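Next up: the structures, one after another.
Each of the next two complexes has chain A plus one other chain: chain B in the first, chain C in the second.
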Partner chain A sequence: MKMNRVTSWMFLLAAVSMVTLPVHALAKEYKLGLSLAITGPTSDAGNPYSKGVEDYFQFVNDTKMLGEDTINCTIRDDQYNNDITKRNFEDFLDQGIVFYLNYSTGSTLALKKDFEEEKMPVIPASFHAGNLVDSNYIFLPIASYSAQAIGLAEYVVKNHKEGTPKVAMFIHPSAFGRGPVEDLQKAVGAGLKMEIVEVVEHGKDLDNTAMLQRLVSKGVQYVISQTVQSPVATMLKDASSLGLVAKSFGEAGKITFLGCHYTGGNDLVALAGPAAESFYWTTSYIVTNEPSPGATAQLDLAKKYNRDEKAANSHNYANGMMVAQVATEVIKRCKAKGKEVTKENLYEELQAMNGDKAFSPGTTVGPVTYSKTDHAGVDSLQLYIVKGGVFKSTGTPFVPEYTKKI
Partner chain B sequence: MAYLFQLIISGVVVGSIYALSALGFVLIYKSSRVLNIAHGQIIATGAFITYALTVWAGIPIYISFPISMVLTFFLAMSVERIFLRRLIGEPIISVIMVTIGLMSILDGLIYLTPFGTENFSFPPFLPTTPIAFAGVSISWTQMVGVIVTFTMIGAFSWFFKKSTLGISMRAVSDDQLASMSIGISVPKVFGLAWAMAGLSAAAAGGIIGNITGLNFDTLHAFGIVVFPVVILGGLDSILGAVVAGIIMGLIQQFASGYLDGNWGLNGTGEVMPYIILLIILLFKPHGLFGIHEIERV
Partner chain C sequence: MSANRWLATGNYFTSYREEQRIFFTSLDRTAMGLLLAVLFAWPFFLELDNKYMLVIDNILVAVIAVMGLNLVTGFAGLISIGHAAFVGIGAYTVASFSRMLGENHLLLSHGWPVMIILAGCMGAVFGALVGLPALRLKHLYLAIATLSFQMIFQWTINFMNFFNQGQTISVTRVTWVTGQVSRSQHYMFWYYALLVVIVLCGFGVRNLLRTRYGRCLVAVRDNDRAADAMGMHPGFTKVYAFALAGFLAGVAGALHAYLYRGVGVESFTLHHSISYLAMAIVGGLGTLHGSFWGPLAIKLLDLQVEQLSEWVGAHVTAATNLATALRPLSFGLVIVLFLMFEPRGIANWWRIARSYVKLWPFRY
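Our next item is the complex of A and B:
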């Protein structure tokens, strides 16, 4: 009798194993890594970005988007320190990652050779055009800072009323800030009819009066910024108190302020308050205060994972979510073709993401397209303007013309 | 001419805010010969407390601002009591190392709050139209900043010159052993110095936060930005902090106004204060108002 009970239990165990083992044996876990500034400098962008990545991969696993397979993305804080980023990347390699998400311009440039050596497909949060120089494995999620600055400059040229517009650039004192300067100068050389009067590299300024008055005395009517929100907010406040902010685009004797991706968003309004009114901003991401399927998906995702309103509405949350969408999409395509999910195959799938295989994540104003010769994802940009304390679309998405001419 | 006057006004405004930010360094150094490396974090903490009281607790800013100064006063006093009291009599370098550790701890604690990674701004409470006269303008935020700065500097100067407690603090700074021998409590003086530094840091944080918006990186960086002001002023002189602050503010504005954008120069407003600092220190190694101590053996 005792023997029979033991036999029955063993039978049952064997039966259960036979049913479940094949499923578990087939289920795979794909390892990815993300190193970024969750704390430290620029963490105001890095923090919501990491939440976007984390939530989307969690969503992929929870909804079984990849069937029984799962994505395991390790997210590590590097405090905006290149040495820590490098250490994190090396740890991720030891873990066997098949795809890597990076963050800053500095660390992307510093690790470029490592990415080449490891043949690792990488999407950074930096849109610096220089990331793509001498690189085969870096893919920008959206149009580069250079394309953004050129797009803004083209808008200035098209909408300026009298003569040649005089423009100043207000940039971060780093590779991140300086990136688009040369490309914008090249666009002017290629026929974009505007004059770059001055390039201002800002510091930790408490007062920009001298700079603003100097620019006005030189006839500058437009300032294109390529930096982060805080210095732009201080400049806008000073310009506002000096009565220098143009109320309509290109107002004579006043300055119209414009900026690339990381200068704008809700954080700029939070910092500059009413002085942010009439600030022009370009990015390839949608904003959540304008209804769209992408905005709904973004807000629903944030709600599902209990994110606060600030993170939910951040364009950097959309940014993080979008790179996770692209990574998931290439894994899906790899699986659909019956190919093994390896860094080599994911790299191939990324480069095949064009034409009818372009990917529309919804969180951007245009599709993501990559090819062997094009590693900048979303080419379209949208211009937004602050009205009543929120960013509103002005015009339709556009692709800067001069990016192809330089 | 209006441009020149505008630069002078801007220089004085920026300089006086530098002076207020530098005051915390001076107050602690004056009594204990310690440089508090975590001062920038205390400036940020003061600003965030003001914001939390104003926006989250709904207290009007003209009440929340002094409350936050009082809270930061006690916070800084507690920091001294918990972390630094035991180090009285230990080598100064040990105490400075503790303030570096303190900086990391405060960084970590602030990063646990929304203030570490998010941006905020105070609700507008001052007129947005600037005060303008003969082509020269100054915003109300800057004007209030200057008034608060000079009021506080005046109050601290009076305190150190006229009050018994202030004179006791100067005595401790001069000679701890001699001070103890006449009944002055050195630990209490140290605690008070930190508390007063906290008070001035909260005021500086509130003013800077109003100008730049509340971003932790920007705010705590002012602990380092004002370092040349402290050195130029002579480390232990309140008057020195004021004069050096205004000199630095003026140099920045003049460099930015007259040099930047000409002859291919850029960012001189950031560099010139350090160049001038080096030149002045060549001739006055103890700073403009620093005490040159003569040791007799």
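Our next item is the complex of A and C:
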């Protein structure tokens, strides 16, 4: 009798295995890699970014978005150190990844040759236009920093009253910060009617009073920033103390502050406090304090995976979520065509993402489009302004005109 | 010395010549031969992922750099906290040729041994120049002078267009007798190249210390006035100590450039200079094998702390800032602990272990 029971259990187990095993045997796992600064410099952006990527891929697997197939994205902390990024990338290659997500401008430029040799499609968190020079495999998620700075400059020119606007640039002392300077100068050369009075490369200054006074003495009316939030917050607080922040756009005798993607977001408001009021910011991402299907999806995702309010509302969470959405979409398209999910096929699918095949992730203000000649994803930008301590959109999404003229 | 050099249980020198031998006993020579054989042969029996090969290669590059630092700081007693800048000089020598001649120029791809020596020479020139203040300055003041060189180096690279403003300058793959070194062979190839360079440099430094020039370094470190009175030239000795350190650092820099196939200023910052100094202290200042132990210990510690902080950052969100601080914290702690409890570094543990084995079974 006892023997019979054991035999019955074994039969049952065998039957269950026969039903489930073929499904699991056919199920595939697609390996991806992400190396970024979860700790160390810029981790304030990298941390929510990694959560966005992690949560979205978890969501894909949990909801069986790819059927029985799953995505296994290994996320590694590189502490903003290129040598560690290189090591992580080698590790991912050993694991057999089909798609790679990178982070900083420095490491993207440093590994560019490796991406070419490996023919590895890559989406970095850096929107530096220089990433695309002599590169076939790097795809920017949204408009480049150059396009963002030009977009802000075009807004200044269109809305400035009386004469030629005098502009200063406040930039990070690296390739990341310097990237848009030359392109903006080219736009001015191509007919954008503004004067770039000074380009300030900030250091680790804790006080910008002297710099601001110098800009005022030179008649600067607008400052376009291309850096991270903390130096902008320092500058805004000092400008506020000096009574230099324009309360309305282009207010005479005051300075209107504007910035590209990584200068803004909730962290800037948290750092600068009331001094962030009337700061103009551009990005291609939606913000969660304005209702939209994308914002709802972002907040729901963060809630599902128990993320705190700060991460849930971060534009860098949206940023990470969006690149994961794009990677998932190309895998889906590859599968739908019956093609094997390889880095070569994913690369082809990315380049075919245009026209009626453009992808709308919802987390951005426009569709993601790539082609053989266009490796910048979302071309549209949205302008936001801080009102009452939150970023509010102003106007409709736009595409900078002078990016095509330079 | 015992008549039988296999059975020697102590150092019984009867002449200065015996004391200057590279290997004191036949056992030493055999052990070194076996070690080298193992180092050259293990890749034939054990296949490691590229990730780990990169870690090993990185340690070997640091060994060469620390060997140079040990010459100037350990043997000559001249504090240098700008050593990463000398390594950077070597790397940027390769990068400059890459910019001027084109990335795939034959000199860079086929003449890479020449480029490595050239980078070393450039490091030596800058070393000698930076060493000039050592004629007038000592101790903390000299440290500040080398620090200023580090700052000047970083500033120059960061702002000059020729150096791509610190952004990565690509370096080509090299060609060997079997053709261009492919991606799959890259890290193994450089492992062997680094090993050969280390053996050459190691024997070079060991030999230097047997010569009057080497003894001058130690004499100047111990008392430069006494050395002067004995007929040595302290000024010349200090300058060539810096030049030699610069040469080895330059070689390490060129190897780093070829290994990573690119040169960016981020790899040669003040943080790296302090790391090299830490490696020299932890390994054992003024010892040749301390230059091997230090990089090995610090790089492996770095790797472990990196994994720990990654784990903390990923699992304990509230402790992200703590995770960020773990690396510098552990790094600083290790240096302080070594300075307090083992100022002679790991090399001293090695010395104790060796003397124990040598005297076995006649322990005292």
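Simple rule for what comes next: the second predicted complex is superposed on the first by the 388 of 406 C-alpha atoms of A that agree within 3 Å, B and C clash if a C-alpha of one lies under 4 Å from a C-alpha of the other, contacts with A are read in each partner's own complex, and residues count from 1 in each chain.
Everything that follows uses one rule, which is that a residue touches a chain if its C-beta (ideal position, glycine included) is under 8 Å from a C-beta of that chain, and two chains touch if they have at least 3 such contacts.
As the structure is a prediction and not an experimental result, all values here were calculated from the model.
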Chain A as common anchor, with chain B and chain C clashing or fitting: clash
Touched partner set for A:Pro173, first chain B, second chain C, both or neither: both
Which of chain B and chain C A:Leu109 touches, first, second, both or neither: second
Which superposed partner A:Lys237 touches (first chain B, second chain C, both, neither): first
Chain B versus chain C as contact partner of A:Gly273, first or second or both or neither: first
First, second, both or neither for A:Val200, with chain B first and chain C second: first
Which partner reaches more residues of chain A (counting touched residues only), chain B or chain C: B
Partner chain in contact with A:Glu117 - chain B first, chain C second, else both or neither: second
Touching partner for A:Ile84 - first (chain B), second (chain C), both, neither: second
Partner chain in contact with A:Ser43 - chain B first, chain C second, else both or neither: both
Partner chain in contact with A:Asp55 - chain B first, chain C second, else both or neither: neither
Superposition clash, chain B against chain C - the stretch among 7-15, 25-33, 43-51 or 97-105 that is involved: 97-105
Chain C-contacting residues of chain A that also contact chain B: 38-40, 43, 47, 173
In the complex with chain C, residue positions of chain A that touch it: 38-40, 43, 47, 75-77, 79, 81-84, 86-88, 90-91, 93-94, 106, 109-110, 112-114, 117-118, 130, 173-175, 178, 308
Of chain B, residues touching chain A in the complex: 3, 6-7, 10, 13-14, 17, 107, 111, 114, 116-121, 123-124, 128, 130, 137, 139, 141-142, 208, 211-215, 217-218, 221-222, 225, 253-254, 256-257, 260-261, 266-267, 269-270
List of chain C residues in touch with chain A within their complex: 49-51, 54-55, 58, 158, 165-168, 170, 183, 260-262, 264, 266-267, 306, 309-310, 313-314, 317, 320, 323-324, 326-327
Chain B partner contacts - residues on chain A that touch it in the complex: 38-44, 46-47, 173, 198-201, 203-207, 209-211, 213-214, 217-218, 229-230, 233-234, 237-238, 240-243, 267, 270-274, 310
